């Protein structure tokens, strides 16, 4: 590998040794994957979505496989904020990798409380504000799907913490750039996208939905084209750095997102298939840069913003 | 096959011998597939989208394969209304299968003109109003993505023709039920969904978009879970019959849509993989009914409407 | 009967064995992939890293195809650990799975050739527990459910050799029909007492494994109350069978461990996709439950902790 | 030279042959699948329904895998039609394709075993045209572009046997390096005159097929103006090569037919996904073009109708 290339990126003020993050909800609290890889080599770790109180989650079946995809309706099962801080964070803290906590609430006030509390916790490098979780004040999903609600929430959280704020956008919207602008206006430091696409599967033998909760979130390679399009749309119009995700399985997939305008990428479903996916993707990005004589990964995102649609 | 089952359905007043339709833009003008199957055995045929004037379409590359999916940006290349009537319709007319013309315009007025003209043409059984094509009056895509615009357009077309009106919905919206309601209010006789999901692919060797037009429409098995969810959502709230489509490749896929609440289904991308797909799917639905002792295909849609989400 | 048994019932799960062992991911070579019954295959893998760590009840998470069809791994129980050499220090070489073709993934698996490589993750999950005083193990298998139970029989027989008093292994194999009775010989070679039940009566007892178990309870010497103390039921099979066994053993206060199935995502406890309802230990009411993960907290569960829907 | 040639140039495309033949879809057996060069494979299929109808320049649309990986079919030119029996009434038996492994689909194809079945659609598209007065055919192949040209050489040789005056076939095979020169023997066996060009000069002329063609124009007897009348260039290869040949033949007013590639969807003319820009016959200006379909209106096009970007 002749050329020495730079892989390090900075997102929302968080410096990462490489642009590959593990996505919320797909890497547990980190400990589950410790046997398989050196967690120090990840760009950053995002935790499972944390709520103020512990949540049981939805009844099973919670997952169904689809063609090139995975539907899940976990229902934000998590240990709750305090247990997370006391029992899960100490493990994560042992690594040099930035820890980003994915937070979710049923009301605006909950997001604010969680943010205030985590503001005091040194181990935390940043917050990912999940504005696409079910059961939130403004009528469930509609919350992260309406620009005004996103702007208001983000600005409240902004006041509650000095931590870097990444707002995670829902793809189930007519115009994702409007939501991204709202997050920007509210004071976000970065946006991450996409969360899962709302989907459904049906068991034709039992003539019932495949998931107990009927609908769920679609992730995996199936959604990559949609994710890539949204990342490109958002990166083309907002000033904020973008964390791109959705169906990234290989280094080539990740490079597509970086070219589309993402500063970093997150790997989700791929972790289930290959626990070492994130590391192998980071390595593959490096090889791509070397092969194409591109000295810095930060150069890749200069491509997408130049593409303009004719009609 | 002991049991004799009924496969015939009625959508928007159009009687079909079976519930399997070939989707707009994926079956050309019918003639391309004549060597491979007996067109008389299809539930209905929907033509390529027709505009008032002929359209050249977009520059190539116009298609890219993705994981379990296909991105296209054909750009509505078509022969134009008059040539269609004179040169394409006579061929289609030779078959007993209902012919549904997919229509598209750049302005409301165009839809109206096309509808008025086709109203006089005997061979046409119905119109599928494509409200998700690019380059239309109200700022491109936003057209079929905004309930008010859909309602207005449909009611204008409604006045222009007595033909059955099927409104084809775009899935690139926050709430597809709102658009479906708008189509209903405007006077539609049925809705069909989903059209393609907006997506994108990037060629990392050339560092350029995979499609000349940058973004395109995603179809194929990848989108099936999203399509199924939207069909279920819409069928649960509107009175109109629903034509379900998106990623149907097998009889099992089709049965999923029928259980979700669709009265009929349309097969698109599958035609490219297997020209006989629509016929084999119709046969497979029949076998499913026989095996499960369900005497009438119209019973299947009674299942989905009963499922209610808890939260 | 209920009282005395309860008092003496050995405590399960004092040591969580899987937490002490390392998990491994990598490619291993297929040594055998043969049809052993209608749609049932036995596959042997050269996997010393896993074989030497694996315990009965644990599973391998297998990537059946390199592409995305299917996307997720597929879980299969450790069926047999073989290739053991008589020299103490040498590790076990091979690990076997026994699987039934039911869908895309298992179909793809069945098409694999000897010599090809397979990407596996394992050993995962918690194995069966062998309580210290165990004297009689009653293994009840329904259909392909024999898979983990043969490994268990091996483990019990091996563990009882040196100093411990010899343990008795009673096996009930239930299947739809004669051709689907798997592993009868395997158990017999280990010295287990084997009873067979077929639903169509084509061989052995005519009825299900549960029916035979129920009858055995009274007619055979399972039924003597004092013996329960050192007896444990281990079962694997269709959910309906496990549910019935859970009810029967609960009523009679017999300790029972079940190997459960369910849809897995990650297999390592990270995605929370494989939830199963369990009673809260502290809880009393019907509604007081929580979710456990089949992959990480199981797949072996105590029969009386599971909440059946 | 320009004027006289133009006047006498035979009219192409008076009969659209593909519209007269039937297309067929079904499963056929793989008879041969052998590596004939680095990453290049020859596959023979038992497909009498297609073999008896197919013409040089047409293609088969092949489903390389039963699942969705890849989702779409892959197009391959008719490379050879074989198994012909000397009895007039018997049909041709086998059809061959020659392919290079460049991605997922061709990799999957290369892994197929003899005896397996393959789902094909064909013959599709328009074949090459052999104008009535054709005397010399100049075939120029770049890399895997030899695939359709061997079928063409066969067709020319066969068609010239009975009454027609014998036709001359001059072949230029261009490749990166010696090992990638394909089908040299095949053409020679048909009695063609073959010249080879390699970019690294490892065999034959040192340079590209286009370079060699250019030189041939002046040094060999291609160049005599009157001969052009009955000569046609047929070329297949990378786009850049075809573009250069189009320019050279246009300047010299040599009729040329190119077999083009592009991304196909349906392969039968229905999806409009395979658009290629062509000059409008009536049109004059640069901007006056329309789109044709590679799969249905091609894949063989007249060199001077194509608009190159």
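Just so it is clear, A, B, C and D label the chains in written order, and each chain counts residues from 1 on its own.
Rule of thumb we're sticking to: contacts are C-beta pairs under 8 Å (C-beta built on N, C-alpha and C of every residue); 3 or more make two chains touch, one makes a residue touch a chain.
A quick note: this is a predicted structure, and the numbers were derived from the prediction, not measured.
**Q** What chains do subunit B and subunit C have as common neighbours?
**A** The common neighbours are A, D.
**Q** Mind listing the chains that sit against subunit A and also against subunit D?
**A** Intersection of subunit A and subunit D contact lists gives B, C.
**Q** Using the average of all C-alpha atoms in each chain as its centre, how far is it in Å between subunit B and subunit D?
**A** Averaging C-alpha atoms per chain gives centres 37 Å apart.
**Q** How many Å are there between the centre of subunit C and the centre of subunit D, using C-alpha atoms for each centre?
**A** Centre separation, subunit C to subunit D: 60 Å.
**Q** Could you tell me the distance, in whole angstrom, between the mean C-alpha positions of subunit A and subunit B?
**A** 33
**Q** Give the residues of subunit C touching no fewer than two other chains, as numbers and ranges.
**A** Touching at least two other chains: 68-69.
**Q** Residues of subunit A that contact two or more other chains, please.
**A** Correct list: 67-69, 221.
**Q** Mind listing the subunit D positions that touch subunit C in their complex?
**A** 67-69, 104
**Q** Under the definition above, what is the set of subunit A residues touching subunit B in their complex?
**A** Those in contact with subunit B are residues 66-69, 71, 134-135, 140, 142, 145-146, 172-175, 197-202, 204, 207-209, 213-215, 218, 221-226, 228-229, 232, 247, 252, 255-256, 259-260, 288, 303-304, 307, 309-311.
**Q** Please name which positions on subunit B make contact with subunit D in the complex.
**A** Subunit B reaches subunit D through residues 25-28, 32-33, 35-36, 48, 56-65, 67-70, 72, 74, 77, 220-221, 249, 269, 271-276.
**Q** Note which residues of subunit D are touching subunit B in the complex, please.
**A** 22-25, 63, 68-73, 119, 121, 262-263, 265-277, 290-291, 296, 309
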